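Lettered A, B, C and D in written order, each chain numbered from 1.
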Amino acid sequence: MNKIDNFKSIVDRYKVVFFDAFGVLKNYKGLLPGIERTFAYLEQQKKEYYIVTNDASRSPAQLAESYQIKGLYTITSDHIISSGMLTKDYLDLKVNDGIVAYLGTPDSAHYIDSTGLHTLPVSAIDAGNIDKVNALVFLDDEGFNWFEDLNKTVNILRKRAIPVIVANTDHAYPVTKHDVSIAIGGIANMVEKIVGKEFIRFGKPDSQMFMFAYDLLRDQGPISKKDIVMVGDTLQTDILGGNKFGLDTVLVLSGNTRPDDAGNRINATGIVPTYICDSAVIEHGELGF
Amino acid sequence: MNKIDNFKSIVDRYKVVFFDAFGVLKNYKGLLPGIERTFAYLEQQKKEYYIVTNDASRSPAQLAESYQIKGLYTITSDHIISSGMLTKDYLDLKVNDGIVAYLGTPDSAHYIDSTGLHTLPVSAIDAGNIDKVNALVFLDDEGFNWFEDLNKTVNILRKRAIPVIVANTDHAYPVTKHDVSIAIGGIANMVEKIVGKEFIRFGKPDSQMFMFAYDLLRDQGPISKKDIVMVGDTLQTDILGGNKFGLDTVLVLSGNTRPDDAGNRINATGIVPTYICDSAVIEHGELGF
Amino acid sequence: MNKIDNFKSIVDRYKVVFFDAFGVLKNYKGLLPGIERTFAYLEQQKKEYYIVTNDASRSPAQLAESYQIKGLYTITSDHIISSGMLTKDYLDLKVNDGIVAYLGTPDSAHYIDSTGLHTLPVSAIDAGNIDKVNALVFLDDEGFNWFEDLNKTVNILRKRAIPVIVANTDHAYPVTKHDVSIAIGGIANMVEKIVGKEFIRFGKPDSQMFMFAYDLLRDQGPISKKDIVMVGDTLQTDILGGNKFGLDTVLVLSGNTRPDDAGNRINATGIVPTYICDSAVIEHGELGF
Amino acid sequence: MNKIDNFKSIVDRYKVVFFDAFGVLKNYKGLLPGIERTFAYLEQQKKEYYIVTNDASRSPAQLAESYQIKGLYTITSDHIISSGMLTKDYLDLKVNDGIVAYLGTPDSAHYIDSTGLHTLPVSAIDAGNIDKVNALVFLDDEGFNWFEDLNKTVNILRKRAIPVIVANTDHAYPVTKHDVSIAIGGIANMVEKIVGKEFIRFGKPDSQMFMFAYDLLRDQGPISKKDIVMVGDTLQTDILGGNKFGLDTVLVLSGNTRPDDAGNRINATGIVPTYICDSAVIEHGELGF
């Protein structure tokens, strides 16, 4: 059996904490009860933190608002790193003109739209504008007709040799205690296999997510990877990605990895967190204020 | 460059011909012009033949009717082996009671329904009957709401440890000269990866398709695999499957494999047909009647 | 928790029993103590049986001898179906002349040699005879120099578009209580990925193994798939393959699948055996003779 | 047909050039004739450059020496970024004590040895020290007995839940005009599949290689990704990785990608370089000095 560590004493050892969002700060029912104490403690101790999330469905401002509505007032948009931000960066650097076709909601597209490119839903691509499509982005599993628009996506990609960006690498996400939804990452894998091309993926465990946060930290002053700890509930994304980037890692048992299964999963995958905690919640009695 | 063989002279060397359907007998425009002469010749020469097809969207009777409507009167349902027939056999042998949930059209389900099991579309499964679902079948890419019913399928399979049958292994199929549609086999791969289970697949290149036809032949009298030639347009299904089953094989260039690319594809895949022909059409002048 | 069934009472319900070898009849220490009683019972009850094994390292005669040496005198070579036999059948039907290059021991090659083809170890292929190589077979993980001969195999396959047969699909096999060896099936996967070609695999769960045994049974008289039960220790090969072929299946807990993990594995894979037994051993008191 | 660009005029547009090594600067015969002019031009124009290579077989000092021996005196070790350096960084950050077991030559291990950890070849691991093994590294395809040490590696990883680092992601590398050798990346994939664990890979197309070079550049002064161009001969590693990191990219036709196949490969993969050049060689007449 693995030893369970105390989350507060781990936080005390680092200058910066990276958090995954789903399964760590919130779940299908809303915020984890007591998680506000963790952020109060970080604030009081003047620790820096980032939320590093495979979520391209909304802008950082909208993501931050979703925490503030629920009472986590300290989480502002500059504390959020999403795979959608990396997608926007890619388009800024690599796609200079023409149309960016997308699968997702208008909200998700509004965000990447700000690059000055012309973003259009896949449903709006036709014989008259297909030659101007210079990139295609998988943003969200909602906001389009799966049957019509996935078939159209396959045919666009058979005709155009263009970069395809998958802005969320997850295959599924929980929607209730027992049910999940297919995520845009799972859909993108199907399309990639059918068209036989290589897509570009942004999202943990890929290092580019961590690099983005690390760059923001370096802009604020000298920092070492040894000063940062990554907290997540999923071995294959949060912990593998954090480890690979050279960070210490905390597996919390409040999400994807069940307490009675954590040891088995670690042995089976060989993905070993530095610490294991019940959750990222700091108890009231521990705070001292 | 590969040598192009004459189809009629190949037919002359065998007692039985197995044909793939799409790309060999018909394409997105209908029957291949002149293919009726091939069947007239088989009839006149008293050669046996079977159409061996990865198609579970309709019953053999309906598939046969689709040829007869177009003028190929000799193709009767007893000449058709479909992956749907193997699915029906599986359910007859292995699933004794309860509900078989399916993704597909009512037409595709009507056929497997004859086993006496209760077949229900995935959309009709709910908390009240999920415990009676004893198998789930991927039949056709049409006839259901992709967004709702694929998400429901994932959640049914997370709750029930039941056999899942994929009755068509193709990933995509052509609908016009330039466009394809995603096939149910491609969709099933996505769901299989998300739920992490092992599905049962019927369809070429799997040997069970060929075994089914071979068994029917043996019921008619002594036969050797050396007496049979398999004709197809796709290296990875028709030719690989035929080769593996021990049959001689003909690659025709009227479908998936383009004449200018056939040699490259054979070298790249290492899947080598016994013969290569332009098509399975026998020319008028060759018939002699 | 899954119900544990009594093996003898299962045998009583069928006319024919198919057995996997490793983990069912024997393990790394030798024969399972008491397994001779099971074969005595089959003999006494005049039940037919076949051993269906992913083993191409020796001929059926040699495999049978290995049981007889240990005291299982009733197991004769005509009761053994190996993936090596399917390989031999393939070569008989599909490769007419030239050299068959192989990776394995001379024993494994001696067996396929009987087809009249010239079999040569990969190490004996050079610029002077490479053009005559018309097939390449992965037979056994022993009998060759991995570094030299695997690199040579890759380069032969880059130059020759020929069928490649993998005569054992297993990735690893147990050699002691705690240790495994890499099997030729795992090595073949590596080579296949590097050369980018499609290999032909014989071995469970592929149906052709079961078809071979079923054909032998039909030669002896009328039989239905409902009369046969497949006994194995591995969900992904024995049980999946038996199920797919339409047979009832018994998972025994004397090999790959641990008693405390069987339920989890069945739920996780969705591969459901008809029965679960501790082992295929019939107890002394049950025999009645 | 794709337009062929002039390499010198591309270099003129950027401040920094990243080069792949094999297929760009050298091939199986040695340095590309004339490549010294390219480095003379970079020197004269005061352009910065890095060689970004999936090579963990030697230290940067040894890699640099291999260029200098052949006359490329300007290439010093501080211009070389190898996947081996990322491996060393990982061990420095994440593995604090114990043994690092490795597959490779003593030369490759000597380099990672400098971290202060105890490095031992896999062949030296036994029951007495296996519990101290805290990481395992795939460094090079030479320097060990494939049969004995790969089997031993599998069994070490079945017993120890430890990070496994693959320091070269290539599957094969050219050794003569027509022949390749299996690379350690291909071997690592086989072992990963057999043990069912998740390995950590360093090497293009992974972003961490490019990040490492980019960080070195930023230490020298302000730089933007727009100022850098990546030059490589392989779409799936150099071009995909460069594109994903946000760099402009040059595909050269002097290595893995043949001139008559480049257009097909780009369309088939959807990996689109910014430019295509015959090679990275600048012609004598272009230099002007």
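In this section, contacts are C-beta pairs under 8 Å (C-beta built on N, C-alpha and C of every residue); 3 or more make two chains touch, one makes a residue touch a chain.
If you're wondering where the values come from, they're calculated on a predicted model, not measured in any experiment.
Enquirer: Strictly by the touch rule at the top, which chains does chain A share as contacts with chain B?
Expert: none
Enquirer: Quick one: which chain's Cα centre is the longest way from chain D's?
Expert: Here the answer is chain B, farthest from chain D.
Enquirer: Taking each chain's centre as the mean of its CA atoms, how far is chain A from chain C in angstrom?
Expert: That gives a centre separation of 45 Å.
Enquirer: Go ahead and note the Å separation of the Cα centroids belonging to chain A and chain D.
Expert: From the centre of chain A to the centre of chain D is 28 Å.
Enquirer: Report the residues of chain B in contact with chain A in the complex, numbered from low to high.
Expert: Touching chain A: residues 145-147, 150-151, 154-155, 158-159, 171-172, 178-182, 186-187, 189-190, 193-194 of chain B.
Enquirer: Quick check: in the complex, which residue numbers of chain A touch chain D?
Expert: Against chain D, chain A makes touches at 89-90, 93-94, 157, 161-164, 195-200, 206-208, 211, 225-226, 236, 240, 243-247, 266-272.
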